[in-house]
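Common to both upcoming complexes is chain A, partnered first by chain B, then by chain C.
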Partner chain A sequence: MQHGKGFWLFVAIALFVMAIYNLMPFFWMISSSFKTDIEVTSYPATLLPQAFTTDAYARIWAQEGFVLYFLNSIKVSGGTAILSATVGVFAAYGFSRFRFQGRTALMATLLVTQMLPGVLLVGPYFKMLSLVDLYDTHLGLILAQTSITLPFTVWMLKGYIDTIPVEIDQAAMIDGATRLQSLVHCVFPNILPGLVATTVFSFLLAWGDLLWALCLITTPEKQTMTLGITNLVGQFRVLWSDIMAATVIGCAIPAFFYLLLQRYLITGVAGAAVKG
Partner chain B sequence: MSAVTIRDLNKHYSSYHAIRNISIDIEPREFVVLVGPSGCGKSTLLRMIAGLESVTSGDIDILGRTVNQVPAKDRNIAMVFQNYALYPHKTVFENMAFSLRLKKQPREVIDQRVREAAAILDLERLLERKPSQLSGGQRQRVAMGRAIVRDSKVFLFDEPLSNLDAKLRVQMRTEIRALHQRLGCTTVYVTHDQIEAMTMADRIVVMNTGVVEQVGTPEELYDRPANLFVASFIGSPSMNLLEGEIAIEEGAPCVDFQGHRLPCAPTATGQPGTKVTFGARPEHVHVHTDGDPERHNATITMVELTGPDRIVVLEFAGETIVAEMEKRTPLSVGQRVEVSFQADEVHLFDTATGNSLVSAPR
Partner chain C sequence: MIGERWTAYWFVLPGTFLLLAILGFPAIASIVDSFGSVGSGGFGSAYLALLSDQRFLTASFNTALFVVCVVTLHIILGLAVALLLNADIPFKWFFRVVALLPWTVPDVIGGLIFRFMLDPLSGGVNAIAFRLQLMQGPYDWLGDPGWAMFSVIMAETWRGYPYPMLILLAGLQAIPKEQYEAAAIDGAGRWAIFTNVTLPNLMPMVLIAVVLDAIWQCRLFGMIFGMTNGGPGDATQNLSLFVYRQYFQFFETTYAASAAVVLAAVLLAVAIPYIRSTLREKS
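For the complex of A and B:
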């Protein structure tokens, strides 16, 4: 059916409005990070900085602990991503390739855990980590984050491995490979987009987390960047330009990963959509 | 010493008995085809030989060594899968070199072996391509190349031609057979296509519901089927089967079919009145147009041209039978003709057991 000019005009306006709706927070964040303290709270608000300044960035970077928060976040998010991908790929391979009693029930349980709000698990995790002396440690936080990301990782990777004929593994074993060798040499390379997508997903989830870090970390030196940013909200004063500058820096890492891995990410997410 | 010996082999999947007490000896350099309908257990048997399925009971020996507990990677066999199972991320060269790399062979040896195999299979120009850039026939050849470089003494093929079109299938049939002759390796080949089995095999193992129905050369299976299953499975068009009972005419046994007296081999066993199934291959149904009253009346219901021959479908005493005739015989649909059979060409089976009643080979 041919559409008239009016239809396309409506589509263009609708898309423009949606784009503004989505991009405006990012724009506001970046714009505010380059404003002075006075301008950022002035009324009426200015869209672009009247007096462009990078003072907020300088203050944030110079602030005691910020670099540490940043490194802590990289450590926790990286650890979560690596652990989640490593455990996830082996679990997904097992679910995909072996038929064992309780397989379907286990898969269903994994799915159900995705439906529970993460906040429900904070209490039990606090208790468990305390019992094994992992409370207020990065390893404890990594384990907690992994429990959230792992079910998704396993389901997504299983979908990927399912699309690889089991004869590929068997051909590798006939060729003289052990099961682990067949997984590493013949299955891994073919699920790389899915592996990258799930790893980045886990990283981003841990990177943006505030709840778990707030509940499971108390020592200031072990805090992550999200906690560091919330510390900028004072009782009597909110340092908006500093918060925005810190948030821009916080977004830089995910953006960097996205640009670096976007080829795999797009293939991975699209692949999951049709292969799942 | 046999290349592969299978003794009293059984395979259970929970309560399902997939392989039932199978024993087969496969000689060195022999090309043995496992054939049967879908679900008969032929692929399961092949996968058990390969080590991809466990053995419930019985033994599998490869080159004199019992391999029941030996993992697939240590059985020194080569296998070609139905869907080729090429590694999609590797080039043709790397696909073929993979097994040698796992064995940590020197680079020069790998290069030499892969190029030799590629030369045999005419793959030299394709070595840097990925499997997705190959046609079905080329992928099939790469799968064979991967098997060749391993220098295994036993080759296993699991329905390798079923994904190819009819023309390519015929071509690849010849290539696989030629390859077998050139390499002189023992080959076990699975197919559900009885024509493939007949044209390629030194010996055929006909399987049905997990049991071996008959083992023999293609000629033996075609000329002397041991039972009704083999008789109907081997041959295309399949054997005409008519149910009747044994009668005696002029002191000699014959088959009474709807009042028609059909000949049977003098060596046929069975008491008069025994329910039997009379079998005649389409080329052994003789069609006449001379009105001889000694023969049996039939009516042509369909004529199909196959090229050099014609398939004539006839209605004979309420049953449909098929005759294969030379093309030049003038026949038309609806025409009334006479059919006859010769005692030395027909088969006789016990209807109750399905076993052949012809006691001695002809």
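For the complex of A and C:
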């Protein structure tokens, strides 16, 4: 239908307002991270740094723990993403290609587990990890994060595999391929974008977590990014420029990945919600 | 196919066993633990104790208030932005990225940014209010129970709305073009098209967005932990924070487990219609 000039003016203003609203907190965070420690503690606050400085970043970088938190987060989130994608792709293939006894029940269970609150699991999980000597280890944290990412990984990947025609598998198997070979050679290349999107999504979910790291990690050197930043605030003197510099780094990785994958997000995340 | 009967299980079982160990087992342990006795009480006494615990009731009320407000605002904002992004706008890619950005922020970091913006002395909100001469001196927004709740709701509204927006945008894109064309031929105005074509087609997606967003918001932990840590007093403490405190600060494991089971039961009740419809579509 035809839209008049007034309509487009309205749309332009609305988009502009949306952009301001969405970007304001980012502006505040980035602007504050470049202020001197005198300016950042003064009232009333300035909106732009008067004396532009990267001291806060230098201090964060020099604090040895901080680089370590960053690497820990990459290790834990990466481990979670790889573990859930590897196990998940097989399960997704099984659910997509086979009709077996207990299939519906298992799929229903997978959906239900996505609805469970983390605080229901974290207590007994803490006890379990202590029993097997995995408390306060990255492996324990990776396994914990996988309990969140694996169910939705399976559902998302199953959605992608469902779109690949079964005939492709069958043709391969007539040519003598096994199920495993047809998965690796026929299905795999076709769902690669979806697999990457799902893996990155797990990575980001683990990256943003605080609850599990808070409950399962005690050694300072093993803290993840979010936990390290949170504990930075807990200390007696809050220097906001340092914390904002740290949060800029903490936000940069997820923002980068989301923007890279924004094309897949609408069909991926929303698609998973829609199609199950 | 011959010999295929067991193949399926080879694919599905590793994931199933892993989930059983890391998810099923702790969940069942929690449920069993929750029915243990508290103090001199017997079987299930933790649940009775919850009913008369003012802090639990406050946390439940806070959770309900928070979720209702946040989800409502998310759907309104999300629908508005989804409609904007669905139009044939220039620089669509750019605006889509901007629309998505708040959601990329880890929730605890979002909480910290808002905590700093609302800082009584060096926060941006007080600075703007001072410049516009709305206030004489600094005000401690997060130290005031009412404003603290309002602020937490505003912060999560900002951070979380791109998620329902994405679901609604996917829904908008799935509406057949023919329906719009037919309505336009019939001479329907813009508002009539919105209420008669867009909204009815979008309704199932709105419901999905409401359910999934409500589940996320019921479980929210990091945002509130980073922003107010449940304070001042218990003013912004939700059920997730309540359980965390009971478990890791007061070591009341049975009590914590029973509160967590209540939260889980509410979440499942909210989710059941969604789970059923998803499974029906799939099979």
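The rule we apply is simple: the second predicted complex is superposed on the first by the 244 of 276 C-alpha atoms of A that agree within 3 Å, B and C clash if a C-alpha of one lies under 4 Å from a C-alpha of the other, contacts with A are read in each partner's own complex, and residues count from 1 in each chain.
Basically, a contact is a pair of C-beta atoms (placed from the backbone, for glycine too) under 8 Å apart; a residue touches a chain by one contact, two chains touch by 3 or more.
Treat the numbers as computed from the prediction; the structure is a model and nothing was measured.
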item	value
Touching partner for A:Gln262 - first (chain B), second (chain C), both, neither	second
First (chain B), second (chain C), both or neither touched by A:Gly6	neither
Between chain B and chain C, more extensive residue contact with chain A	C
Partner chain(s) touched by A:Ala45 [first = chain B, second = chain C, both, neither]	second
Which superposed partner A:Ala171 touches (first chain B, second chain C, both, neither)	first
First, second, both or neither for A:Val233, with chain B first and chain C second	second
Common ground on chain A, meaning residues reached by chain C in one complex and by chain B in the other	173
Chain C residues touching chain A - in the complex, by the definition given at the top	1, 4-5, 7-12, 14-16, 18-19, 22-27, 29-30, 33, 80-81, 84, 87, 89, 95-110, 112-117, 119, 121-124, 126-128, 130-131, 138, 158, 163, 166-167, 169-171, 173, 180, 184, 190, 193, 205, 208-209, 212, 215, 218-219, 221-222, 225-226, 239-240, 243-244, 247-248, 253, 256-257, 260-261, 263-264, 267-268, 270-271, 275, 278-279, 281-283
Contact set on chain A toward chain C in their complex	1, 7, 11, 14-15, 18-19, 21-23, 25-26, 28-29, 32, 40-47, 87-88, 90-91, 93-95, 97-98, 100, 103-104, 106-108, 110-113, 115-125, 127-128, 143-144, 146-147, 150-151, 154, 173, 179, 204, 207-211, 214-215, 226, 229-230, 233, 240, 243-244, 247, 250-251, 254-255, 257-259, 262, 265-267, 269-271, 273-276
Contacting residues of chain A [partner chain B, same complex]	165, 167-168, 170-178, 181, 185-186, 189-190
Touching residues on chain B, where the partner in the complex is chain A	50-52, 71-74, 77-79, 81-83, 85-89, 98-99, 102-103, 146, 150
